[in-house]
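Below is a structure I'd like to ask you about.
When the chains are written out, they are named A, B and C in that same order, and each has its own residue count from 1.
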Amino acid sequence: MRHLLGALAILMLWQGAALLLEGRFLLAGPWDVARYMAEHAGLLGRALRITLLEAFLGFVIGNGAALILAVTVILLPRLQALIGAVALLVFCLPLVATGPILRVLWGPGIGPQVTLAALAVYYTSFLPLVVGLRAAPASWFDLVESYGRGPFTALVIIRLRACLPYFFAGLQIAAPAAFLGAMVGEFTGAERGMGVLAIRAMRALDVEATWALASLAAGVSILFYSALGAVGHRLFPDRPALILSAQSSAQPDNWVLGMLRAVALGLASLITMLLLWWAMMELGDVNRFFGKRPADIWHFLVTAPEAAAHRATLWQAAQDTLRYTLPGYGMGLALGLGLAAIFTLFPTIAAGVLPLAIALRAIPIVTTAPLIVLALGRGATGTITIVAVMIFFPTLVAALQGMRQAPGQVLDLFDSYGASRFTRLILAQIPAMLPAFFAAARMAVPAAILAVTVAEWLATGSGLGNLMALTASTSDYNMLWSSTALVTLLAGLGYALVAMVEKRVLAEMAPEQGIGP
Amino acid sequence: MTISPISRRHLLQAGLAGAGLSLLGARPGRAASAVNFQLSWLHSVQFGGSYIAQSKGYWADQGLEVTLSPGGPNAPVEPPVVAGTALMGISAADYTAAAVANGAPFKILAVAMQNNPFTIASLPGNPVHEPKDLMGKKIGMATANTPVLQALCEINGVDMSAIEIVPTQYDAAPLVAGQVDCLLCWLTDLPVAMTMQGIDNVTMLMADFGYAVHSQTYIATEDSLKNRRAELLALLKGEVAGWRDYKADTDAAAALTVEMFPDAGLDLATQKLQAERQIPLMFSDLTEAHGFGWWSEDTVAANIETLGLLGRKVSADLWDRSLLEEIYSS
Amino acid sequence: MSPRDMTEASAPPEVICRDLSMRFGRGKTAVQALQPTDLTLAPGSMTALVGPSGCGKSTLLRLIAGLEHPSSGQVEIDGDSPRRIRRAGQLAVAFQDPSLLPWRSLRSNVALARHLARLPKDREKVADLIAKVGLAGFERHRPAALSGGMRQRAAIARCLATDPRLLLLDEPFGAVDELTRRRLNIDLPKLWQARGVTGLLVTHSVHEAVLLADRVLVMSPRPGEIIADIPVPLGRLRNARTSLPEFAQTVAQVNAHLSQSAALP
């Protein structure tokens, strides 16, 4: 009932805003959108079908890849850190740049759409899978071993089944992401689909079509998110709370040793990435005109006569990007955390708002970005807000779920002393929330970079996102690859930085929640 | 996952090229040779002549099976041509020049748009009729197009610093919503969209004020020009025939476009208007005299000058008229 | 399996531990879990291991199962490493918790042992064992639907489903209430005592040890070592004889050793 009222309130707000902005070609109200949908049901249906097909294929392939990666990590634990780091870096590749490259590699057809959809989902499925594949008591593995059976049997008999709830939670996040990936993939030169219609509608000043497509995309995302959530809830009532947990590794006794290990891992993953890049270009026999190799970029940025100028351009763009990303990232985290705290203090509000926040988390950024730009303009405010919004919902959901992890007995203890809600929040619930919060903060890094580059590309025309779009159209592929590498590197570094803070804070604040097996 | 265009081309060169057969199209029982033609944007009447060539069999008659690959906001146009996944592509002189500067061995084979479609669109209440009117105005455009505006200002002696550039997405909403005074766009899309929505608008075609950059140019690599000449010739022949029909009846071209791409979300009335507006860009006294796609030394010289203002140094041999000459001499 | 294995399959093995010790960790934080220990389990005997918490009982059991690798010494089972008997599917371990897979039915959990031991399916045997542990009618239930005692019995049934030659029981009744435990103590031994198995029972219940074993070993607190070896002078299936004075005497004897060890500094 509460959800229904919430949805109704949103519809009314929406209609009101539409009436207010009438004639400015910014916003179509729910009534016009519904009419458009009814009138163009055939067209929208066909577009939806093809985009759904692309998203579905990408979803299957991406999750399949996640499963293979996760199983590899389980069977070869020594490779875990490296595989995890490389998987992250691949996930951080900016789609503004990967899109055209994939189109060239695939040629006409749905190849790039499916690939981008797969790339959009595999990492968020990989992480919970790694946790889930280990989420079984040690004695179960002893049981298998006591009959003389090895890791493979344990994988089949125990791990693959034990990971299902985690896998399902990952799938839930993956569904909207796959849809987004497919839509953006259609920007690379597709015949048909929701993305194609969206471009057309925006250009044609067809506000009703634009909003109908945005609503449809949002609706489909929410639908799949909720449906998978419902199915998962039925099958596995005890859902894991922390699905994107860090892959814990033994804490080295020595701090210096830990740093050294981190640096070694960074170098190893960097080298692996460069090798993958090189091998992909060479094995695919990709033309050097656009398929630059690591050596070309080294020359472009270091040994070429104009290298300094190239670096300056790149650095300028990076600064612009960071100027938007950092405040947006901080704001998103702070807002998510703050609101979670308020909701925890006043649980009645939360009950109404949380389902809505969970649903809104599913709305793809291609849909939200233009709306926010419309509302806040194309300057810094708009971009920062886009980044913040991208991060806000997942943070809020994670922080709220995390605060619920505070053990009931501890809360009872606080109550028995008549402690205030606020005391309870500060001393019990916030510490209990930290692992979930940091998991969200880590995943927010690639999300922030994705948001800022898409916003720069589609709206503000500055920064690395713009540089990538611009250099792709003017065949300046050296600069395009340089920007791509830099964006990926920045995202990877940001992630590592947050993970480092996480490790230190959790070691201090919540050692008993040390995550993982 | 990777298709390997280059190795495919090696194979071709190794044996099949002489027979004029592409490996891609060598389907059993069919003599037709299949080629991929890379368009520069989503399907619309912008490429109406090509659709006519396709549907009337102007290509099939010559034993050519053509795939028309659409572009998009994040679609590569030049790379597939360089890589050989597309035999021919539609580019523009400035993009082609940039690609050549970055090592692409392109030649411009024909010019579909004699006049560049870049336009300053404004509203009648606050119109831009000539470049001088831009001073003191807010212009909405992609920052990527700054050099275009710069060139226009330089040609017409307008002080660029008096214009405020507002980065916008490529849509008309900011102008209609009053966020900007004018837009840098194509004559054939946003102004058409506004007209269709019942919004009166004023357009100033930059080509009328000295901005000479060939647009919708047909490009291919030097290698293809040498080794796949027959296919290129057939492709262009079909284009010439298709655009001849297009000029004769733009409404039919618009109708065909909507019919061929029911999933593209095209509106017939909009397509008709766009088709009509495209005519003066594509057909001129020059094409009247020599045929579709033609250019003269003079227009190339003007292009080289404008491209110079855009920071692109090119020479006249970027344009290769040999295929057109072959078509029109017979 | 080789013909030799086949002939031996029914004969219970001899287990010999030589100078077996276990140390966890390194440096200052290292913990000596088990002092060097020599121990022989006679073929067909049931030995109970009692001692205070953390004395290394479970460690010793896990070493014999080959689930841990000793810091020194070795385990020989019929002159071979534990690996061999594990591989042959002739070892069964009952863990402290029943370790039933929650997504499998009771029947399927019991049958899992045969699958793991690479033995052919045997529905009748599984059904028979389930009946013998008193769970007939619950075959299709998931572990979550069973009580703690029922789960422990299911785990025992699973242990026996493969006709193991070596049975290692690690406080299998530790997690159930006293009443249930007594019931299990009476019901379950019949099942393995009917077959020829060598067994080791880790428990902290002296009563249970004396009731179920032919011999009781007492371990000292950490670092654990065996400080007493007390034979139980009663025949098997002695649940009817717990009232005999010998039983009480043996219990008292074990308790004395236990409290003596606990009094050590």
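For the reader, a short list of remarks on this structure follows.
Basically, a residue touches a chain if its C-beta (ideal position, glycine included) is under 8 Å from a C-beta of that chain, and two chains touch if they have at least 3 such contacts.
Model, not experiment: these values are computed from the prediction.
Common neighbours of chain A and chain C, by the contact definition above: there are none.
Central chain by Cα centroid: A, whose mean Cα position is closest to the mean of all protein Cα atoms.
Computed from the mean C-alpha positions, the centre of chain A lies at a distance of 49 Å from the centre of chain C.
Distance between chain A and chain B, defined via averaged C-alpha coordinates, is recorded as 36 Å. Each chain gets a centre from the mean of its Cα atoms; for chain B and chain C, those two points are 82 Å apart. Those residues of chain A that touch chain B in the complex are listed here as 24-26, 43, 46-47, 50, 96, 99-101, 103-108, 111, 115, 184, 186-193, 195-197, 199-207, 209, 280, 283-290, 370, 373-374, 377-378, 458-462, 466, 469-470, 472-478. Put simply, chain B touches chain A in their complex at residues 1-7, 36, 42-43, 67, 69-76, 78-80, 82-85, 95, 98-99, 101-104, 142-144, 166-173, 176-179, 189-190, 193-194, 196-197, 199, 261-267, 270. Taken together, the chain C residues at the contact with chain A in this complex read 62, 65, 67, 83, 86-89, 91-93, 95-97, 99, 101, 103, 112-113, 115-117, 162, 168. Interface residues of chain A facing chain C in the complex, by the touch rule stated above, are 137, 139-140, 142-149, 153, 157-158, 161.
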